[in-house]
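In this document, chain identifiers A, B, C, D, E and F correspond to the written order of the chains, with residue numbering beginning at 1 in each.
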Amino acid sequence: MKLLLVNPNTTVSMTDKMRDAACAVASPGTDIVALTARYGPESIEGYYDEVFSIPAMLDAVKAHPDASGVVVGCFDDTGVDAARCVTSVPVIGICQAAMQVASIVSGSFTVVTTLSRSVPALEHLARRYGYSDLCRRVRASEIPVLALEDPDSGARDQLRSEVRRALDEDGCESIVLGCAGMVGMARSLSEELGVPVVEGVTAAVKIVEGLAVLGIATSKRGGYASPRAKAYTGAFSRYRPGYRTTPAER
Amino acid sequence: MKLLLVNPNTTVSMTDKMRDAACAVASPGTDIVALTARYGPESIEGYYDEVFSIPAMLDAVKAHPDASGVVVGCFDDTGVDAARCVTSVPVIGICQAAMQVASIVSGSFTVVTTLSRSVPALEHLARRYGYSDLCRRVRASEIPVLALEDPDSGARDQLRSEVRRALDEDGCESIVLGCAGMVGMARSLSEELGVPVVEGVTAAVKIVEGLAVLGIATSKRGGYASPRAKAYTGAFSRYRPGYRTTPAER
Amino acid sequence: MKLLLVNPNTTVSMTDKMRDAACAVASPGTDIVALTARYGPESIEGYYDEVFSIPAMLDAVKAHPDASGVVVGCFDDTGVDAARCVTSVPVIGICQAAMQVASIVSGSFTVVTTLSRSVPALEHLARRYGYSDLCRRVRASEIPVLALEDPDSGARDQLRSEVRRALDEDGCESIVLGCAGMVGMARSLSEELGVPVVEGVTAAVKIVEGLAVLGIATSKRGGYASPRAKAYTGAFSRYRPGYRTTPAER
Amino acid sequence: MKLLLVNPNTTVSMTDKMRDAACAVASPGTDIVALTARYGPESIEGYYDEVFSIPAMLDAVKAHPDASGVVVGCFDDTGVDAARCVTSVPVIGICQAAMQVASIVSGSFTVVTTLSRSVPALEHLARRYGYSDLCRRVRASEIPVLALEDPDSGARDQLRSEVRRALDEDGCESIVLGCAGMVGMARSLSEELGVPVVEGVTAAVKIVEGLAVLGIATSKRGGYASPRAKAYTGAFSRYRPGYRTTPAER
Amino acid sequence: MKLLLVNPNTTVSMTDKMRDAACAVASPGTDIVALTARYGPESIEGYYDEVFSIPAMLDAVKAHPDASGVVVGCFDDTGVDAARCVTSVPVIGICQAAMQVASIVSGSFTVVTTLSRSVPALEHLARRYGYSDLCRRVRASEIPVLALEDPDSGARDQLRSEVRRALDEDGCESIVLGCAGMVGMARSLSEELGVPVVEGVTAAVKIVEGLAVLGIATSKRGGYASPRAKAYTGAFSRYRPGYRTTPAER
Amino acid sequence: MKLLLVNPNTTVSMTDKMRDAACAVASPGTDIVALTARYGPESIEGYYDEVFSIPAMLDAVKAHPDASGVVVGCFDDTGVDAARCVTSVPVIGICQAAMQVASIVSGSFTVVTTLSRSVPALEHLARRYGYSDLCRRVRASEIPVLALEDPDSGARDQLRSEVRRALDEDGCESIVLGCAGMVGMARSLSEELGVPVVEGVTAAVKIVEGLAVLGIATSKRGGYASPRAKAYTGAFSRYRPGYRTTPAER
């Protein structure tokens, strides 16, 4: 089985981290195809970046019609609804995946994300996915996304501090890490703090892999119906091949 | 005062209709600059089309830094959050505008839109804008958007039938027309049926014009903070000049 | 076009401030007719005062059948539903107006009002208007309404302090001033603090003026149907002429 | 113990029916003092009538400082919040009382009221009291309130028909009768249809009587704090003695 | 009239306290039959204990078919839905009773309960009963349930401290005591702090007594329909006589 | 890896069907241990049956401390919260599992269950899990649970009819089968009707298996903390060995 893991931003080191984490949890028969957006923003921090990250992500999905499932590797779940229109295999974003997992292993959670500017979009997602009550708070650690790629940035310590504050002040029973770039940090934080710390990339891989085994397809009745044939005027067609494949080594 | 009215799809006849309606209600000192997206979908019907309609819309907003307000002329309010990031003047979509107006002149409303595939996105907007209770139902008339541009399509009769059904079955006190292409149909339907029939383009023009007079700017604290400087890899920058101006005649 | 601006309390200095602010933002062709309740409470602080402020307000609305729109100048939106029954022109309260504006220019807001006793009624309004999520908190500054009329009361400093606390503690992106008596304070606070500070009187004037231009009437289907002919036993009829006109000087 | 049962409209025959029903369920030591508003509307049908029914109701409450509890005998719960400000004994409206009872004996209910114009106000009450989920629908039987006082109006048959429709179509487990004038109809409908049919007057009497025994007072912290001393300009003070006592015969 | 008051845990001293409080408020003609579960947990602290407390409670209800109403004396309202299936008389739990009372005498409340582990279950109840908005917070005082039975435990002081914190920090207008074991503490706290402090046992007794007088039965249409005849395999039938009666002395 | 699949009722044929379906989707290294409750109801239809099905289910969970995850095979998710207290491995009920899956592959769903008496409990679950908006309706097909075990009962046709009605009337994009006994019917219905038909047993197996691979444990902070040591008085301890293992053949 082939699963797509699409990083909608252009930072290859993030894709690499996500691919490694995904491969570590995938079942033996699952091939993770990790893709980096070829154009668009190098990190996704707020509404504006979201817009420009979606076309390349959709290109990637459309270029792999033989995939059995798709993970959108950005915690804003950018373009997930559109991706569900262009394929009939299951598609999930890492925010929805992480929140679903947290809702199984705890009665409430706090999301710790990067910058304040991303908080409102995540609050909207929490509400839309039905977690208004379970999600106690979305907190910004004020770590820029790309600082997570820099081992000398002190980002890990800053994140740990904000997670501790969440546990002290929010009355939450678990923590959700609110950025794809935090993919490698969940386990050690969980062991240190003694609560579930949920990370979305690996959660999404297992959920989509499970749906693929079940043979459940995306509904084509209603909002996720396939797009009508439409001649987009020029520009976007040039992007069709615009993704870059990060080979999955396992 | 200069107000932008951006049609995020590429169909000029829709822009023309919107511009005429906007000019008919604008204050004497207001110049309506009506813009048509130069690339992207020719109509916006569902999540997929939304994605490809936003970049050209944002180009238009960025190209007019002297505007005093922006109306996004698509009932899916596509890209409104992103547009609020790239300008500090007020920005509103025609869905939010129409629902705000309906909430003033009635205790409940039903939205009548085009195709079933658009219904879930509009239900999300109704919830996000706080109208879960007031919005009794989002109904599809199953009229394709572009049929609204064709006087021989029978679309007007089909729309009237669905509006009547809404009044008979939903217990609503007013009607919201759920597509920019229905811009010219509100008044006659209202007169015929004896209830408010709210249309978003003109509503949005008056609201944004009002905000401009009040001198209220978009908050730059939180979700609508300006985007960080970022080198998007190539592709999108080519689109910067990619809008087409429809001259506003008044 | 003639717009009514009704102050439901009997304090003329508040009407004067509201009228001045309204005239400063009204369009050239708009006449603001500012009315002060002739009987009833001199300020509206909580549920009890609300009751006694409505009859005189409704008298004012009924006495001006040629008005094109009505603004109810009390942040409790006292009697707005009843006013919508006695006229077919648009009616808005300054709370609904301010919250609608804040929902356009920001992703969340805090209301700063006068006394604690008014907080629950404003929380109800926030919920009823659909702003449960956007409205982060309703805060009392513990300034009595009439202290706002006294330049030596220190009210302005007290208000500024509470607004600062709101920005520090609530994670809100804008501020809504929760009392008609704060009408003149929005602009300077906004400039000082660098966030939108929304005030309802001017917001309501522009919204109702816009609706009047659009020609949208209040629905008479359902809750706002005209009252049935009824012989009220004596008392209230004596009040019919019970408002006082504050001449609008512009 | 003395309990006030205030009919906020001026129709004595309704007060009489309510008093009889109240006396039939009151405990031996409880005196029901049934009061009819001396001025104001003769029936309360919608937002406008509500306004004019409250002052006389509040007069009645203030005139009986020795009462141990207050029932407001109108299903719109008109003026209940204000009444809670002028007394420290428990006050309940018959809508809240009936919905509380229905929530104990069933998992869902439908309200059957009089005219369509009253439906939105009752929907607001259902939401405000927390019964958005339990209250399946508010239905109008299109019986004018005063027709309930006329034995030849056919109102009883019309009501039974609407209740049957509610049971057939709404999936509700019980029925709430949504008008004080339906006070005598609950038991026979319940026996005929085999489901709980809840009526608010008797429910409210037992609830308030219970609270009085418990010695629980209305909170004076926050929204129900006593009104500040205020010189209302003339008019309303004349009404102070404006209620009429219907002697309770038991 | 005979009312059952069932303590679903096995601690007789708690039943005794509840019985005394119930008898002190019951009407002259009401006999309180107070029952202690014969098997199951000695206190109910969280989801696990709830499970094992319900069978004995249901035995008690079934063994008294002549009762006119049932109070389940545990703030988790354990097994109330099941109890409504096995009888047609009204059944209420002390959590629902206390919250209903608090919603009448105040605009908001905070629940102060025993241990943190009980908080999520009470939050669920608050939501299910419709009090998401009114219930400002559920606080744990970290007093184990059985410490409330030990006069030397310092529990009363600890409780008072947490109640004070609730009033200082939560903006609530009243307090709900969130454990049956706090039954005797409401009045003195209320007098000391000057706000309503609501306790569920006495509240429930008065509510159920009132419903019994009204003759309102539990709906058998839908969720509370009687259980189908079913041969439970062995085990539970042995428990049928498994309750112990605490004689009500009055 | 060993996964427990516990049927909380005593009907072995249902366990067999669930085990077969679970084994068909489990990963190669996963052993499904399918357990049937040894005592309690033979089917779970409503609140009363739920109570008596939980102790045997918890016995099963406690008897397999080496399991890596637990599926509770009843659509009422009976006892899931308690099970999360007695183990630190992930536990999910088939209702939560099915709704999570449906929320990924569609924008809305209708649940089709067995009897009307089960509907309210499932509506509560939908709300508690956050699917108030997505879950359009919970429908009863009026098929008794055990009729699903009888090939001659016509249950399959009856179910298909109700599913068709759901698609015609509810505007839903997918179907959730609301009973463990429907475990084998999802695929054929989905193929016949062209929409996702989600079944909870297989969904839950894949979700819990995924969580086990991720190494995510149930939070012991808050509501799912381990039960305190407690000497239950006699009765329940006798049941400890009260489950029966259905050998998993694969």
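Heads up, the rule we're going with is that a residue touches a chain if its C-beta (ideal position, glycine included) is under 8 Å from a C-beta of that chain, and two chains touch if they have at least 3 such contacts.
For clarity, every value in this text was computed on a predicted model and none was experimentally measured.
Visitor: Supply the minimal count of touching-chain steps required to go from chain B to chain E.
Guide: So the least number of steps between the two chains is 2.
Visitor: Sharing more than half its contact pairs with B-C, counted by residue number, which one of A-E, A-C or A-F qualifies?
Guide: A-F
Visitor: Averaging over Cα atoms per chain, report the distance between chain A and chain D in Å.
Guide: Result: the chain centres lie 53 Å from each other.
Visitor: Using mean CA coordinates as chain centres, what's the chain D-chain F distance in Å?
Guide: 44
Visitor: Which residues belonging to chain C are in contact with no fewer than two other chains?
Guide: 84, 107-108, 119-120, 127, 132-133, 171, 173, 222-224
Visitor: Can you identify all of the chain pairs that touch?
Guide: Pairs flagged as touching, ordered by label: A-B, A-C, A-E, A-F, B-C, B-D, B-F, C-D, C-E, D-E, D-F, E-F.
Visitor: Which stretch or stretches of chain F touch chain E in the complex?
Guide: 10, 38-43, 45-52, 54-55, 58, 79, 81-82, 84-86, 116-121, 124, 127-128, 222-225, 227-228, 230-236, 238-239, 242
Visitor: How about chain E: which of its residues touch chain A in the complex?
Guide: Answer in residue numbers: 119-120, 123, 127, 132.
Visitor: In their complex, what parts of chain E are in touch with chain D?
Guide: Contact set of chain E toward chain D: 25, 27-28, 84, 90-92, 96, 100-101, 103-108, 129-134, 167, 171, 173-174, 187, 190, 194-196, 198, 202-203, 206-207, 209-211, 213-224.
Visitor: Using the touch definition from the top, list the residues of chain D that touch chain F in their complex.
Guide: 107-108, 133, 171, 173
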